[in-house]
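This structure is in structure tokens; I'll ask about it shortly.
The chains carry the letters A, B, C and D, assigned in the order they are written, with residues numbered from 1 in each.
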Amino acid sequence: MQRYSGFGLFKHSLSHHENWQKMWRTPTPKKVYDVIIVGGGGHGLATAYYLAKEHGITNVAVVEKGWLGGGNTARNTTIVRSNYLWDESAHLYEHAMKLWEGLSQDLNYNVMFSQRGVYNLCHTLQDIRDSERRVSANRLNGVDGELLDAKQVADEIPYLDCSKNTRYPIIGATVQRRGGVARHDAVAWGFARAADALGVDLIQQTEVLGFRKENGVCIGVETSKGFIGAKRVGVVTAGNSGHMARQAGFRLPIESHPLQALVSEPIKPIIDSVIMSNAVHGYISQSDKGDLVIGAGIDGYNGYGQRGSYPVIEHTIQAIVEMFPVLSRVRMNRQWGGIVDTTPDACPIISKTPVPNLFFNCGWGTGGFKATPGSGNVFAASLAKGEMHPLAAPFSIDRFHSGALIDEHGAAAVAH
Amino acid sequence: MSQTHRLPNGGRVDRSKVLTFTFNGQQYKGYEGDSLAAALLANGVDVIGRSFKYSRPRGIYAAGAEEPNAVLQIGATEATQIPNVRATQQALYQGLVATSTNGWPNVNNDVMGILGKVGGKLMPPGFYYKTFMYPQSFWMTYEKYIRKAAGLGRSPTQNDPDTYDYMNHHCDVLIVGAGPAGLAAALAAARSGARVIVADEQEEFGGSLLDSRESLDGKPAMEWVGKVIAELKELPSVTLLPRATVNGYHDHNFLTIHERLTDHLGDRAPIGQVRQRIHRVRAKRVVLATGACERPLVYGNNDVPGNMLAGAVSTYVRRYGVAPGKKMVLSTNNDHAYRVALDWLDAGQQVVAVADARSNPRGALVEAARAKGIRILTSSAVIETRGSKHVTGARVAAIDLKSLSVASPGEWLECDLVATSGGYSPVVHLASHLGGKPTWREDILGFVPGEAPQKRVCVGGINGVYGLGDSLADGFEGGVRAASEAGFKAVEGVLPKALNQLQEATLALFHVPHEKGTARAPKQFVDLQNDVTAAAIELATREGFESVEHVKRYTALGFGTDQGKLGNVNGLAIAARSLNVTIPQMGTTMFRPNYTPVTFGAVAGRHCGHIFEPVRYTALQAWHVKQGAEFEDVGQWKRPWYFPRNGEDLHAAVKRECQAVRDSVGILDASTLGKIDIQGPDAREFLNRIYTNAWTKLDVGKARYGLMCKEDGMVFDDGVTACLADNHFVMTTTTGGAARVLQWLEIYQQTEWPELKVYFTSVTDHYATMTLSGPNSRKLLSEVTDIDLDREAFPFMTWKEGLVGGVPARVFRISFTGELSYEVNIQADYAMGVLEKIVEAGKQYNLTPYGTETMHVLRAEKGFIIVGQDTDGSMTPDDLNMGWCVGRTKPFSWLGWRGMNREDCVRDQRKQLVGLKPVDPKQWLPEGAQLVFDPKQAIPMTMVGHVTSSYAHNSLGYSFAMGVVKGGLKRIGERVFSPQADGSVIEAEIVSSVFFDPKGDRQNI
Amino acid sequence: MLHIFCPHCGELRSEEEFHASGQAHIPRPLDPGACTDAEWGDYMFFRDNPRGLHHELWNHVAGCRQFFNATRNTVTYEILETYLIGTKPQFTEQAAPLITTATREQGEKV
Amino acid sequence: MTTANVYQQRPDSGAKAESSLHQANLAGLIGKGRKNPGVRVREKKLLGHLTLRGDANDPAFAAGVNKALGLELPVALSLVAKDETSLQWMGPDEWLLIVPGGQEFAVEQALRAALAGLHISVVNVSGGQQLLELSGPKVREVLMKSTSYDVHPDNFPVGKAVGTVFAKSQLVIRHTAEDTWELLIRRSFSDYWWLWLQDAAAEYGLNVEA
């Protein structure tokens, strides 16, 4: 692998950048691999990378129907945090957070992980209770977190309307200072380049159409370019997981919904951190390019169209203007949608399936990006050993039968 | 000198109305009817900004929505700042203040420009991915400077003084674009009687006819436009929206239009007027007449001010009477661009030469130019230009198309304007918002709309129909089709005649070669706003980015505020060539709303500030305010939280309120609780299925508490339901759960058990509910009611009807505080009068209003739960120690029964609700705090539960809490610990959750 | 924003008036007690989630407050039909080839 | 066996009564505002409102309603009226009956008598809602700002009544005369709607009428 550095950049500038190498090869698929990863998004590429790097399994293919990092990796609002309530989630996301913290150096690719802090605003007394509960759990789990009062919030977040006469006055916030944002495309490309360098075949423009089974055991995938054999197959296809499960002959507790996001035109820095509010339903950060990156809510219906309905955009912008009235005259540039695979407990499924040797990693819903390295890391370990990594084990499909849900939804339940 | 570049006559500006404006601190003059860009050009302003990455000087390049450079900061005051306004789309008004968005100390002498020159080479696409990585901790520092340098304009730092709103429309035909095709379509559709909306982004209707040389029926084309507008204005079913950009084409023919009502009038909207409005349109049929957008050729130093789109030059000359130069060189690959040469001559300026990449052009406009003696260099193109802050020359050379190389050294021509035209791209954005992939047409070298399920018709330029006569006909036919598909009978119409001129095909040239090769040639910009060069695109493909989305993302091509309107096709062509594939094989990226940027405030509409979301009040709100209540948000309701007196804080007030209730009597507004009237012969059976406990034996006149679970066995609401008659019940729900519970009942009745005869009607708003609670509540109530309150006559958990304060009331004897309590329900219209009478009578009992906080404390002292505070969607009734409320022998498998018997729900060591008593009675356990058995263990600790409710100030005299603890019910008497953020540890004893009056004597006093 | 034909009101209405309530035709097991945990989990949580035709439950919350079913394509978002609770869809995945012509015949109704 | 508990809920006389907009003091605004306003508002308060449920397909039900009220059951999205009484379709098995204030108890009894033996429900909801009448040349514009329902007379003729979204909540709109419309507003939301209407109608002028 050609190493990247400031000096390298200078050297290449002397030859007018005519000698840069390809970031990854365009290989022809082999007949059989040790492991096939279906889905070349961030999670799939990370899985391939860690299989090769940490488990020495390099006879690996990532099969992607479109282009690398072209699904939710390319469409999310890039927030990274690990301040989850339940132990199982907190440990998984914190595992990811630790990997994020050295990822650019590990991959020799600047993923621009920027620990600007993630704030969750509290507007009601129940918000405060829930926040204390979460921050307290985070602290005892070794995850950083603070609960701020209204004055601290006003001091730390300029232009946030902290006055008492708003519809839902802000009465506090939690902050995870190690949280932040990263450059989404770079994450996919960084993992892809590093995986390729370790020998992983990245096979783009190849759709997986089904799974071949022998005696009920998965032995490979049928693709638009023919059959490819594999000892183990890991499916990491986010919004399309339900569809892939159907191809494999079972169902998942997953529904795919549109999730929308939008950006403003680029403006000079005004929002320095990530600010989220569940009560007014909006969250915002500002990219290094200057765009305000704004996340909208999930649409209520199932949808694979990578677009949602306009009222969701309206509500989100209303929320942003309510939080930051000074942004009213700033303009929205572009909106888009992703397909999020939601589970009943808002936690992922990292699991064996009814088909031996076929593993699924899905159900990340609206929160997958932040887990990318951690998800890939534990899934790689599970695929390598054929047994689920301890951090992944609680996220088995079985929990929807036994009742052992990890209810990140319920933890935010509001009723009085 | 003022307006140095204004032509002595011509244009659609009103020269009698002189407007003064300011750019970068200097005052200039323009005319009414000018765009800001036109006025700047009229004053000879060259450099209007600095480029994003290399800080190169940039000038006005285009005349419309595609402008990449002239992106300015507008606003005369801090509160009215608008970032990133395209000068080409901003009408000039008196007093307009504009500044450049980049450049220090100013745009003409920018320090960053030097850095750009030196460092530019170090900034190939993606350079930031390849560097700034070491040492790890430095990224945030690097990033700080990157962020400062990025961004265009700035946000205001004061609140917007303007208002915005929406308007919803439903029409038969929405016509997008009021150029020739759109207007013809509008005529056809409107004459049929259909409801028609015509929206156009420009200041006035006419589209390409606003600066056209062409005539219709022998008269200037704009005369026809005037007649059409006049006719349309007369029709009541037609809505005309100029200054209104259709920005998004959403599912099921829902489109959004961004109308700018006052942006042409001044810095802010005149008092009482709305600045901008979003029209939300549902159209039976949509006619897309969005036209085509000229694209430039890509050549060396094509960004130096004085390089302009050919069509834009015509616009400035003909529409605004402005000549952005004197000596022009035109570089083209098509016929249509020759009109700029003719316009330029007509304006009395000099055409130095036309470089035509075609070998033998013979179209009508070409011949007209030839006839005027214009020098035409065939098989040639402008290879590069020179000039630092303005073009001083262009090198024209012969090019070999097959090898895409330079065939001759060419010659440097002196000029101050290089007009460029690389053909036309149909404006397919809206047509593609729903994912319909545009199709490449080799004959017109452009993408046209692909197949899509939407009910729409595309007419004119968007279809690649460019001739004026053809475009009118196409538009009219499209209008007829749209109207008839929407159910209207079209009326015949005669269209004006346009001259049919011979027009030859455009040549497939996008990227003009340079003898040094792309990587070493002077920068050839593809996307001017994002400083994306041809070399960058080639580099991206060299590095393995083969998908168009990859190329775009790696180079930032098309990611600007212009969304790549000029550069996308050129970028595709360069990438395709570099990868040795065709343009259609390369494909296009997705088009997403918005077509042009939309003000956040406009999208938010009126839903801001005090009407951001509904606020719900009870009938007694005015009284609460008079009593000085502090309010708590509960769902959409504002509920009195506590009633401070004489400057009390929350704790003092709550302590006093608690004591008043325990000692005498208090009054609570309980109107917000959900109330559902249930009638029907199967009402009882329905309750049996929906509640966890049994309802078969509840007699008329009695009430019972019930828990509701979802199918998973987890508690999701609770409340008291009373039997009013054999087939008649009234259910109460939590405040926040009211709507949810009604939905819950409906979905099961309508979809699961339609055979059960039962109806549900919300009566939450109908009744106001006042709760009198405390040992003196009976005495007090007896003074204002005719109901027999004797404890035998009116026992606990029953209800009675009678007069309270002279008003018919239904009174429930139920208690949430543990004290003797009466809930008085009154038709809400009369509640205030009744309250006043109770308050008057209550004076002698120190009747004390109390809020939600005191209510929470008092119920917690009794161990009563609050769903949503003591539960979180993962608690079964048994977890709450409420197994007494579970009908284990009910015949029907009620909602929740199966779920709560799943493997994980019946295991040992589930978290169970218990009381917690801090060992130090003064210590308060924060609500939400996590609990451990061993506070000395290392992190990560094993957490065993958390505090759900906790009250230091109460009627007990010591701090207490409720919480959930693993296996807690078997651990009564044991200790738990709560490690705090400051390192301290609070120790608490696990106790019964009933702290007060465990036998329940007081409610029966 | 979707445009949905409410079979009770007899009109097309904007999506804002409705609430999507998930997959339709999931009957509650008649004897939940006889279900295994797995069967009960399937009933509660496991869904078809198809990429294509989806039969789903909607509630006209702002209008007549009635639930009804719709057959909708989850990729194109086209609604092929809406129909009353207790009735069967006309369009199913098996009958998918008929979709385009049938939709057109239904005209402006859906 | 009693099927339902029905009682006179309205006091005889003399009791203080407050409509849901009492707090907004509409009475104090009467006669103020600009000449020829685009929108005029009038409260139709303290009327009797009853929600009636039953089986529309059962001829006995329709006959009983007719017997009690002298009105035919209205079909979907319409209302029928006689004198001060109106009956509006709310859903396939639901109607809203509005009668002069004070008559609701007697009317409910009459309905129950006429429908005895049928599975029905009658609920007094008078305290929870009221009508707000809007009239004037700009009412339609204000409605267009507030609801995504098509209020053009082609689609929304006089006599039609629909439940729909309104601002960020839901209500029923009734078209009663060419330039006259009624909003059925819920008590707890009325403050919000009043603020909304004032804001949305500001550019046209909004006057309060007695």
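Quick note on the criterion: a residue touches a chain if its C-beta (ideal position, glycine included) is under 8 Å from a C-beta of that chain, and two chains touch if they have at least 3 such contacts.
Small disclaimer: the values here were computed from a predicted structure and weren't measured.
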Checklist line | Chains most often in contact, by C-beta pairs | finding: A-B
Notebook entry, point to check: Using mean CA coordinates as chain centres, what's the chain C-chain D distance in Å?
Noted result: 32
Check: Centre to centre, by mean C-alpha position, how many angstrom separate chain B and chain C?
Finding: 28
Notebook entry, point to check: Tell me, which residues of chain C touch at least two other chains?
Noted result: 1-2, 14, 16, 19, 37, 40-41, 44, 61, 65-66, 76-77
Check: Which residues of chain B are in contact with two or more other chains?
Finding: 250-251, 254, 280, 282, 607, 610, 613, 615, 712, 899, 902-903
Item checked: Multi-chain contact residues (two or more partners), chain A -> 305, 309-310, 401-403
Item checked: Those chain pairs that satisfy the touch definition -> A-B, A-C, B-C, B-D, C-D
Next item on the list: Using the touch definition up top, name the residues of chain B that touch chain D in the complex.
Entry: 163, 165-170, 195, 272-274, 280, 282, 606-607, 610-611, 613-619, 621-622, 637, 672, 677, 679-681, 700, 724-728, 757, 759, 761-768, 801, 803, 805-808, 810, 826-833, 836
Checklist line | Complex contacts: residues of chain C adjacent to chain B | finding: 1-3, 14, 19, 21, 27-28, 31-33, 35, 37, 40-41, 43-44, 57, 59, 61, 65-67, 76-79, 85-86, 108
Notebook entry, point to check: Which part of chain B faces chain C closely enough to touch in the complex?
Noted result: 250-254, 280, 282, 284, 453, 487, 711-712, 743, 746-747, 750-752, 754, 893, 897-899, 902-903
Notebook entry, point to check: What residues of chain A sit close enough to touch chain C in their complex?
Noted result: 240, 242-243, 246, 251-256, 300-305, 309-311, 344, 400-403
Notebook entry, point to check: Which of the residues in chain D end up touching chain B in this complex?
Noted result: 1-5, 7-11, 14-20, 22-23, 46, 51, 53, 93, 119-129, 141, 144-145, 147-150, 152, 154-155, 167-169, 186-189, 191-192, 195-196, 199-200, 202-203
